[in-house]
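After this come two complexes, each holding subunit A, first together with subunit B and then together with subunit C.
Coming up: the complex of A and B.
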């Protein structure tokens, strides 16, 4: 196998897939860091974002990338709403109750998607698009956009967390919730911000998965495990870790086919998750929470 | 607050009781299909066809003592867990006397093994094609109106060899359907002197299959044989293979003969794509069904509609013959379609009902075939190879 073939058919798909996982994993890691629970409805929230974008694409006739900001805003609103309606009164209860509740939310979101949009596979653009060739590298526009958008969104989030007042408040909540509350940080705003960011990133993950494959009601659920693996691999609570973790999981899944039979590809995320929990449960970048 | 809640609950309770109190006891059969999941595009037409059979029963005097036959739809999601859940609900909560479905082989195997065989409920699947279904220890309660993939895989292999396909790579979904079909195909294709240059299973629901495709293409084959679902992973794989030019020609099994690839990829990109599927043998029954289904607003060329209609009609005939006794349905099913007796075609419910009442033997000649079940509850069948034309799938040739 030549180097070009390796890059074209194993590495590039791995990076694109990894970028999509990274977008979801950042949200998971943020919720884990600030609210301290695993949010199992994350995948289905991404599905919802993808379908909202589909509704905008079909009704307004614009490209999915142009619909992305609207989908991000709409999904962020839904995420905040879900938190207010369902998770808020569980906040003082043991966290496991919220985790299980989020599984219920996942089923509810999926059911709503299936009722509104049906259960068929859809796509934003009909037909196929063949890749452009740059110096022997076969890359599609949409793949460049996916990686760039991931870097842009996560970069903006990183600057927000490091520089802005509310970003610092979010980090304070993640480091020591009691101390943060004592020093006068309004935790309701912090929690709302967390959901806005997580919901928005979810929508981005869903839309980019939809752009690169198809849009179907189970798409997000199938991504949930790799996204969790990415978050834990990178270190729970570390945004840059989630990106690194997402890319590693994505690339490993694609490369696994070289060594293992193809049907074990889906198990790679499990293997990575298990290996990290056994060897280095804090993750590559030493997560702050686990 | 408490009184209010109580009032609401009481109101709801009354409403439920009113809604579920029928004038006469309904006779229920389960219609369990892959409503969501990878065959979602095929399932509605199949369920419509089964419902048409139920409509015919109810319009022509109903079942047993003029009771209404009700089809209770359940979603198997085309996977074993979904199939088991839907069958459990149908058998234990709805109290169905027979089940039409589940649609997918994995769901059939799981639902029969854990629910319907222990409960003694007859299952007639219109589309569970895995060879494994023949081997279920079922006390003779599992039937199908669709031929086993053992036939389809072999017929497809022979047809491809005749049409000059020498070297192919096979990708199949890692479940009971894909594995059964792929193995049947491989055996016959190699026996006919063809070469399998790649043979790999893949898992459902991943976003990228480019590395899988690159591995398969590395064997040097120009044809990809894909045993998957056209509304699920099969669509993703077909898209990525076309976009990246891994293969020139594509061959699908019955699962790929779905409208989803045409709708999403465009017919112009599918010029080299062919798919095999079971077809009804030309018969008076098939013509009758086609006319009836078209009249009811359905597309008679949609996949598995004939088998779905036959499954539901046969289940109704068997229930009538058994006098509504669940334990007698299996034996009655064999009696109403064993090749001996007065022939009954699709839609001829009142005639069948009179003959059964008079004690005359009847023989259902279905839209998809005569359905003379063998010892395993299987039927032989005919298949055709389809290509994508301007108006969807068009038959190229019969497969022998």
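Coming up: the complex of A and C.
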């Protein structure tokens, strides 16, 4: 196998898949850093985002990329709503209760999606998209958009966390919740911001998965394990780690086909997760909350 | 002269059980007051009571003319009392400068004057403003913690065992900083494990035992009291 073939058929799809995982993993890592629990409804929230975009694409007749901002806003609103209605009461209780509740929310979101949109596979655009060839590299436009959008969204988040007053407040809350409260930081605002960001990124993950593959009610659930593997791999609580972790998981999944039967692709995230928990549970970039 | 802070016969605890039993103390303007006593005497609890972290079942706390009994910590901070906990009192993953910024979270407008004031008190911190607070030594962390609390220009600073775990050299440095802070017009109420040194440095002191007032007086008076020397200070 030549280098070009390796890049075209394994590396590029791996980076694209990894970028999608990264969008979800960043939200998972943020929720863990600030609220201290594993959010199991994250995948299904991404599914919801993908279907909201589908509804906009079919009703308004615009491209999925144009529908993306609306899907991001709508999913962020849903995420904040879910927190207010379901998770908020459980905040003072042991975290495991919220984890289990989020599994229930995952099933609920999926059921709603199936009731509204059915269980068949859908796509945003009919027809086959042919890749362009640049110096022998076969790249589709949608793949470029996926990677660029991931870098843009996560880059914006990074600047927000480093530079803005409320971004710093989020880091402070993750670092030392008691001291953040003593400093007068309103944790309700921080928690709401966390859900807005995590929900928005979830929608982006779902829409880009839909653009690059297909849209179906189980799409997000199948992403859950790779997204968690990515967050843990990068170090829980680290945004840049979640991106790195997402890319590694995505590329590993695509490369696994070289030595293992294709059916084992989905098991790679599980292997990475087990390996990291055994060898370096704090993640590559030394997570701050674990 | 009316006291800046006065706690009158305060009774309360964290849950249903009372830890403080009718404790009274006061702090005057620009005064350094220390609370000492054996382990479990309720020293830190008395301080947390001022800051609204306790369930109060009797008595009252007055600060600068306002009855602040039952106020939330948030409101008390805005009223002019800042509190430095004994442990976990910095944001480790944030720079020194960001720690100070978080201390001034409730402050509107330009922070330059507040930064200048804190950096003047702690010149060491100014040089290292871009350094992560978690990488500092114990004494420097304590300075960051105090600096964070001073960003809101409080009238009263509450310090919970600021010298715990520090070497004698740093202890002396922290005491000197307390005097410098007081000279900028801030009263200080602190809890100390190192009773002898603290009483020697403070203006006045209170000795608590079993959640009750036992003695009070100037540092020198308390240090010369035989009973205190034997009971609490190890001779």
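Annotations
To be clear about the criterion, the second predicted complex is superposed on the first by the 290 of 290 C-alpha atoms of A that agree within 3 Å, B and C clash if a C-alpha of one lies under 4 Å from a C-alpha of the other, contacts with A are read in each partner's own complex, and residues count from 1 in each chain.
Just so we're on the same page, contacts are C-beta pairs under 8 Å (C-beta built on N, C-alpha and C of every residue); 3 or more make two chains touch, one makes a residue touch a chain.
Quick caveat: nothing in here was measured; it's all calculated off a predicted structure.
With subunit A as the common reference, subunit B sits beside subunit C without any clash. Legend: residue contacts after superposition of the two complexes on their common chain; A:222 is shown touching subunit B, with no touch to subunit C.
Taking the C-alpha centre of subunit A as the apex, the lines running to the C-alpha centres of subunit B and subunit C meet at 140 degrees, rounded to a multiple of 10. When the two complexes are overlaid on their common chain A, residue A:13 makes contact with subunit B while staying clear of subunit C.
Taking subunit A as the reference chain, the count of touched residues is higher for B when subunit B and subunit C are set side by side. By the touch criterion defined above, A:265 reaches subunit B but does not reach subunit C. Once both structures are fitted on chain A, no C-alpha atom of subunit B lies closer than 28 Å to one of subunit C. Overlap of the subunit B and subunit C interfaces on subunit A: none, as no residue is touched by both. Put simply, subunit A touches subunit B in their complex at residues 1, 5, 8-10, 13-14, 16-17, 20, 114, 118-123, 126-131, 138, 140, 209, 212-214, 216-219, 222-223, 253-258, 261-267. Touching subunit A in their complex are the following residues of subunit B: 35-37, 40-41, 171, 174, 200-208, 210-215, 218, 231-232, 235-236, 239, 242-245, 260, 263-266, 268-269.
Interface residues of subunit C facing subunit A in the complex, by the touch rule stated above, are 73-74, 77-78, 83, 85, 88-94, 98, 101-103, 105-106, 148. Those residues of subunit A lying in contact with subunit C across their complex are 165, 168-169, 171-172, 174-176, 178-185, 288.
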